[in-house]
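Below, each structure is written out as C-alpha cells.
Two complexes, one shared chain (chain A), two partners (chain B, chain C).
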Partner chain A sequence: MTEIKKVLLAPLDPVHDIGLKMIRRGLEEAGHKTYLLPPDLPVEEIIQEIIDKEAGTVLISRTLGYGVAELLSRFVDLVDASGLRDKVTLGIGGMAVRPELAAELGFDAGFGPGTTVEQAVAFVEGREISKEDTGVKKDKQDITSSYSYKFINKSMGNKLEQVAGQIRKWAKDKTSPGVKRAVAREELWDVGRWRNRKGNDEFDKEYPHLCGEQPKNYYLKGELHPKTRRFTREEVIALEEFLQETKERIMLSKVQHVKSRPVIFNQYGTGCPFMDIGHIKASEAWGADGVVHFDPSWGARTEGFFDGFLTHQEDGTVITPANLNRIHGALEPSTLWQVRAHRGLNTPETVILAGKLGADMTKINMCYGSLGAGTDPERLTVDGYHAIRYAIQYGMSFDVVTNEELAGVPAHKAFAGMLIVSTLGVMLGGKPILQPLFAYSPEAMVGEQMEGNYVDFNAAKIYALKNIIDAPIWPGAPIGFLTQTEDRVQSAMSTGLHACLASSLGVDAISIASSDEAYSGGPISVPSKTDTLKAVQEGFRFFGSTGISPSGKAEQWGERLVSEIDKVIDDVLQTGDFVQALYDGNLGTREEGAYPGRAGRDTVEHTVT
Partner chain B sequence: MGLLYNVIGIAGTAKNTGKTTTTNYLLDMFKKKGFSTGLTSIGYDGERLDNVTGLPKPRIPVSVNTTVAVARRCLPVSTARIQVIKETPISTPLGNIIIGRVEKEGLVVIAGPNKSSDLRIIINELKTLDLDIILVDGALNRLAPMVETEGFILATGAARSPDITRLAYETHSIAYLFGLPQLKERLSTEITVQNGFRKKHRMGFASLFTNRQLFELLEHLTSETKRLEIPGVVQEKLWKQLGEHIISNELNFDICVADPIKLALAGGVGNIHRLFERLENYGVKLLVAQKLPLVAVTVNPFFPKYRFEAQDYEPAYVDAVKLVETVDKVISVPAIDIKRNGDILFKALFTGQT
Partner chain C sequence: MTKALNHVMDALDVETFLICDTEDEARSLALELMKEMGFNDIDVVNLDFLGVGARVRARAYIHRSGDEYGWLKMDKEVKLDD
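Let's look at the complex of A and B:
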C-alpha cells in the first residue's frame, strides 16, 4: 500500500472540471484523500487551501487561452514565495498542455488530452511516468496472420487454382525490361552501400541501359524529369528540424474503440515528400495505423526509376530510393507502410525497392493494372508474377485492388480478377489481401443497387468474398469512393459511415480519404485529413461493438455475386489463357470501361537458359 | 574591471518581453570577452515556436565555453553537442537535470529547475565549476526563483502592456520595491508583531491570504507596536486594508518583508507602490530582509497581438524610441533596447550604473 496522499483538485476553468472529477474517483479508489475546490477560485485562495488542508499535491485544470499562462505561472510563483513549493507537487492538465509548457510554467508535470486516470494517480503517488505512458501504445499489426487462405467454395477454388496454375506456367520462363531491372536492383544494388554513399558500381553501370529515355538521361547526363526538382540544402535542413521536433513531441492516438480492427490506412502523395512527411505525421497523431504511398501516373508509364531527393510539381510522389528512404525514416515504429507496385512498368522493381527500404506491404494486381491503368496485359502479367515472388521474398503482404470498378467494370468481373491474382499469390506462398471497393460505383448507379441505401450492396461484396475464401479483406480505396462531395462535413460523414459499415462487417482494414480528396484542386490539406480520422473515430465510438444490419437484399446479392464470379472464371478457363482473357474482355469489356493498356506492349521475351 | 555579480537572473514581466534576446546578448558578449559561462533556466526556452502564442521565438546559440544545466530531454532537441558531466537528482517534466559542457556550438533548448530550492542546488553545482558568470534565464512573468540570484535584469515591454505610460509607471513601481532599504537581520518564519522591546507575538502563519488572518493580525497591532515582520506573501487587497488600518489608527512602526519579490507577487505593483509611499509619508518605514539588486531594465517594443476573430496571435510593435525614453526617465537603473544599445547593459554589469 502506498502512502495516503492529500490531493487538492483545483479547476481554474469556469466549466471544465469533469477531468478532475474522474481523477478524483481514481484517487479515492486508490485510498487517497481528495479535496475538490469550486471552479475559478482566485489563486491566493487556492494557496490558502493548500495550507489549510496540508495538501501534498495540487492538480490544476485549465484550458489555455489569452493571459492564462501568466496566471498559472503567478500561481506557481506564489506557492514558491509562500514557502510551500518544497512541500507540494504541482500538476497541470488541460487542452493544449504538454510537458514543455508545464516546464515553462514551473509545474512538475503537464497532462494533455488523452491522459488516463491511472497516469494522474501515478503522478500523485510519485511513480515514474514515462513519455510512452502518456500516449497510446501501438504495435504494428499483421492483418494476414489469422487467415488460412483455404477455399470455402471448393469448386470455385478448384477452378481458380487451374487459372493460377496456367499463369504460373506461362510466366515462369518469361522476362521483360521491368523484370530485368528488378533483377539488377535485387542482385547488384546494396542498400547499405547506397545509404553510405559508397555507390554500387556494377549496378550504376548496368542500370541506365535497362531504363527508358528519361531515367537513362538522368543517369548519363544528369537531366531530371521536367516536372521534378531536387530539394535545396535549406529545405533538407528544415525538413530534418521539423521531423526532429515533431518526433520529439508526437503523441499517437487510436481510431478504434472497442474492436482492434479494422486497421486504418491513409494515403499520401502530394508530390512533395516534405509535405507528405507532414501529412504522415498528422495521420499518425490522429490515429492512422498505416500509410500508403501514391506515385505519379507518369511513373507507371516510365521504364525505370530516377534517384535523388526529388519533389514533383503535380500529384503523386516520385518513387526514388532517396524519397522512399526519407519517408521511411519519418515513420513511427508502429506505422504500417505500403508502397504500391500494382499498375505500371516498374511493378517488380517497386516491390524490391520497397522491400529493401523497409516497407511492410505492397499492392499488386495485373487485372486492374492492365484494364484500368494502361499497362499491356501480357507485360503486366509477367511483371506481376515476378513482383509477387519478390513480395514473398521480402516478407511483404500485398493487397489486390479492384479499382477497375470505378471505370464501370461490374463487381463480379473485378472480383474474379482479384481472386485469380490472389490465388496465384497463395500458390506461390504469399499473403494476398482482398481489396473490394466500398463505392457508389457506375455499376450501382446504373443498376440502382444503391438507390435505397449504401449498405446492402457493399455488404453483399463482403458476404460474397467471405463465402469464397478465408482471407483478409481490406475495403478501399478509399472507402466511400464517389459518395463524397466538396462539402467537407458531408465527405467526412460519408467516410465515417462507410468505416462503421466496414467495422460492422468485420473486415481487417480500410483506406480512408481526406475530406477534400475528391475536390481539393491541389494538394489535400491536413485539416481535411484529421476530419475523416476524427469522423471514423467518432463512428467507432458511437457503434462500439454493436453494428449495422443490412437488409435481406445483401445476402441475396451476395449469393448472386458468387454465381456471377463463378461464371467469369468459367469464361477465363474456356479461353484457356489468362492474358488472352484480359484482351478478350472476360474480366471487363471495353463497353464496361476496361481498355487493355498499351504501355510496355511487345516487350515480353522468353528467358534464354 | 570586475563583474559586480556572478549569478545574474533575467526575469520578465510577461511572455515575449525579450528575456531570450537579453540572454542571447549576454551570452554573445561573454563569449567575445572569453568568459566561461554557466546557463540554466527556470522555465523552457530556446524552442522555435512559442508554446502559447505559436509565434516564432529567438533561438539560443551557445559556444564551447558554455556549461548548461538543463533537463535530459532538452539534449536531443538541441543542435549544440553537449557532453554530460554530471547527472543531478532534480526532476522536471522533461526529465532530470544534467550539467553538461558544450563541445560543439549550436542551438540549445533550456529547461531547468522549476523552484527556488532546486535552483539553489543547481547554482551551487555550477559554482563548483569555476565559471566566470552564471546566467539564469527566466520564464513568462515568473520571479520567485530569482531570489537565488545575486542580481537580476528585468525584461519588460509592449507584451506586458502596449500602453507606454502605464508600462513606465509599473516599471517605476518595480524599481521602487527592489530599491527598498535592507534590514540586516534574519526574519522569523511566521508573521511576527513586536510590541515594545522583547515583546513578540508570533501569528502562526507566514503569509496573509484571508480576511480572517488579517483580522487576527490587526488585533495585535497597537500604538506599542515597533515592528511587523512578514516572511511570506500578503495579498494585494489585504495590504491595502492593513495600510488603511495603520493610517486611520495613526499607528507607526517598521514593516519588514523577506524580499522584494514577495511584494512584487502580491498583485498590482503600482498599487503596492502607491500604498507604500503613502505609508512612508505617515512615517512608516518599509524594509526588506534580503535585497535583490535590479541591475537594468530591458524594454522590448514587440508584442503578440491577439486576434479575437481568428483566435490567434500576430506580431505587432510600439514606438521603440519613445518606449525606452519614457521608461528610462522614471527609473534609476538604465532602460535599454537591447537591439539598439545593448552595450549599456554590459557596462551596467561591470559598473552597476552608467
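Let's look at the complex of A and C:
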C-alpha cells in the first residue's frame, strides 16, 4: 500500500492555480493529504506553511515567464536557509517551467506543459512514471460486430440478392491465373514453415510457373523489379533495434474524445517498409487506430508476387511475404491492419497472404477495380468472388470502396455497385463495410451539390445507405478528397471538419489523409500525418457529443440517391449478367469516366468438374 | 550531413513569410533560402502570395524511400552527444 503523503501545493502566480487544483484532486483520490495555498503568497509565507503543515512534498506552480528564475531561486534559497531542504521533496511545474531549469535551481523534478495528473501523483509517491500511467490503453475494435446486415429497404434488398445470386452462380465454376496462384498460396504455402525458413518446396516449384514474366524471372533467374532492391543485413539489424527501442518508448494517444467511433485509419505506402514502419509508429503514437497498406500501381497489373524483403524507390510498398510480415510485426496490438486487395490481378492471393500474415481487414470491389483501376471486369469478378470467400475463411472484414466516383461516376452508380458486392459478401457469410466517398467529386463539381457547403451531399450519402441496409459505414478514402490544398493548415482543417461531419453522422470509421494530400512534388512526410491526426483530435474535442446539422437538402438528396440506386439495380437485373452490366456501363459509362479495364482480359477459364 | 539531420525521419520543412514583389520572386527566394541552408533535394510545397509578401513552406527531403536512413544506427553512431 502506498504511504500517505502530506503535500503542500503553492501557486507562485497572481491567479493561475488550475493545474495545482487538478493535481490536488488526483492526490486526494489517491488518498494523500493536501494543502492548497492561495495564489501569489510571498515565498516567506509558503516556507512557514511548509513548517506548520509538516509537508513532506511541496509542489510549486509558475505560469508567468517573467522573473521566474529569480523567484524560484529565492524560494530554494529560503528552503535551504530554513533547514527544510533535506526534509521535503520539491517539485515545480507550469507553463514557464522547463525540466532543465528546475534541475539547475535544485528542485527534485520539473514538470513542463503537458504534464499529466498521473505524472504528478507518481512523483509524489516516489514512483517511476510508467507507460501505463501516461499512455492511453487501446483495444482492437471490430467495427462490424454490432450490425445485422438486414435490409431496411426490403424491395431493394430483394433485387440486390437476385444480382448477387447471379454472380455467385456465374463465378463459382470459374477460375483464373489469379485464383490458381491463390489456391497454391492457400494449399502449398505454410506460413509457419516460411517463418522458420524451412521452405515450402512444392509451392516454390509450382508458383513461378503461375506468375507473369517479371515475378517468374525473379524466381527463376533472380532478377528483381528494376525499381526495387533488397535490404542489407546491416539495415535489417538496425531496423530491429530501432523498432525494439521505439516499441519500448511509444506512448499511444486517442483521437476520439467522448465517442468511441469513428475509428481512425490512415494509409502508408512510402515504398520502403522501413520508412513505412517509421510512419506507422508515428501514426499510432498520434492516435491512428488502424493503418492501410498501399502497394505500387504496377503491382495491380503484375501476375504474381515477388518475394524477399524489398524496398521500392517510388510510391507504394511492394507486397511480399517478408515485407508484410515485418510491417505486421511492427504494429501495436491494438492497431487494425488492412491490406488492400481490391483492384488488380493478385486480388485473391493478396487476401490469403494478408490473412496468413495476420491482417484484420482487406478491401475488395470488383466494380471499382474493373471500372476505375484497369482490370478486366470478367477477370476481376471471378477473382473478387474468390477473394471474398478467402476473406471469410481468414475472418477478415472487407470494405467495398467506391473510388470510381473520383473518375466521374455518379454516386448512385458507384453505390449500386458497392451494394451488389456487399450483398454478395453477406450472402457468402462475410462482413462487408460500406465505403462511400466524402469527396468533392467530379459529380458534385459539375452538379454543384457542394457549391454552398461540403456537408449536405456527404450527409445525403450516409442517410441513403442507412436507409438501405444495417451495415457498417467507413467513409474514405481519404475523407475530404479534392478539398485539400497544399497549404497544410487548410488541408488539416479540411480533414478535421470532414472527420467531425463523419462523427456527427455516426459512421464507424474514417480514412484520413495527411496534410500533404494535395502535394504531388514528393513523398508524404511523417509530420503531415501528425498534422491531420491532431486536427481531427481537436475537432472531436470541440464537438464532443454534439454534432453538425445538415440542411433539409441532405434528406432530399438522400431520398433521391436511394431511388437512383434502385433504378441502376433494375438495369443490372434487366441485363441479367453482372459482368455484362459492367461492360455495358450500367454501373458507370465511359462518358462518366468509367472504362472497363483490360488487364487480365481473356484469362478466365471454366474449372473442370 | 550534420548529425542532427540524421534524425529527420524524411523531410524538413521551412515555413516563413517572405517580403517580395511577386509570386515568382517568392518561389525563387524560397528555393534560394533552402540552398543557402545547404539543402539540395528541395521544393516549394506551398506558397500564398497576396501582395504584402508570401507565406511559404519549402521542403528539403533528407531521407527518401529506399535511401540509407541516418536514424537507423548501422555501422555509424548517430547520437548527438558522442
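Note that in this section the second predicted complex is superposed on the first by the 488 of 609 C-alpha atoms of A that agree within 3 Å, B and C clash if a C-alpha of one lies under 4 Å from a C-alpha of the other, contacts with A are read in each partner's own complex, and residues count from 1 in each chain.
Keep in mind that, in the parts below, a residue touches a chain if its C-beta (ideal position, glycine included) is under 8 Å from a C-beta of that chain, and two chains touch if they have at least 3 such contacts.
If you're wondering where the values come from, they're calculated on a predicted model, not measured in any experiment.
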item: Touching partner for A:S82 - first (chain B), second (chain C), both, neither; value: first
item: Partner chain(s) touched by A:Q48 [first = chain B, second = chain C, both, neither]; value: first
item: Partner chain in contact with A:Q244 - chain B first, chain C second, else both or neither; value: first
item: First, second, both or neither for A:M275, with chain B first and chain C second; value: second
item: First, second, both or neither for A:R74, with chain B first and chain C second; value: first
item: First (chain B), second (chain C), both or neither touched by A:H312; value: second
item: Touching partner for A:E104 - first (chain B), second (chain C), both, neither; value: first
item: Contact residues common to both interfaces of chain A (with chain B and with chain C); value: 241
item: Residues on chain A engaged by chain C in the complex (per definition of touch); value: 229, 234-235, 237-239, 241-242, 270-272, 274-275, 278-279, 282, 311-314, 485-488, 516, 519, 521-523, 525-527
item: Contact set on chain A toward chain B in their complex; value: 44-45, 47-48, 51, 64, 66, 68-70, 73-74, 76-78, 80-83, 85-86, 98-110, 241, 244-245, 248
item: Contacting residues of chain B [partner chain A, same complex]; value: 14-15, 42-45, 47-48, 51-52, 71, 73, 76-77, 91-94, 111, 114-117, 139-145, 147, 189, 205-207, 209-210, 231-233, 235, 261-262, 265, 306
item: Complex interface listing, chain C residues touching chain A; value: 9-11, 13, 43, 45-46, 48, 57, 59, 61, 63-66, 68-69, 71-75
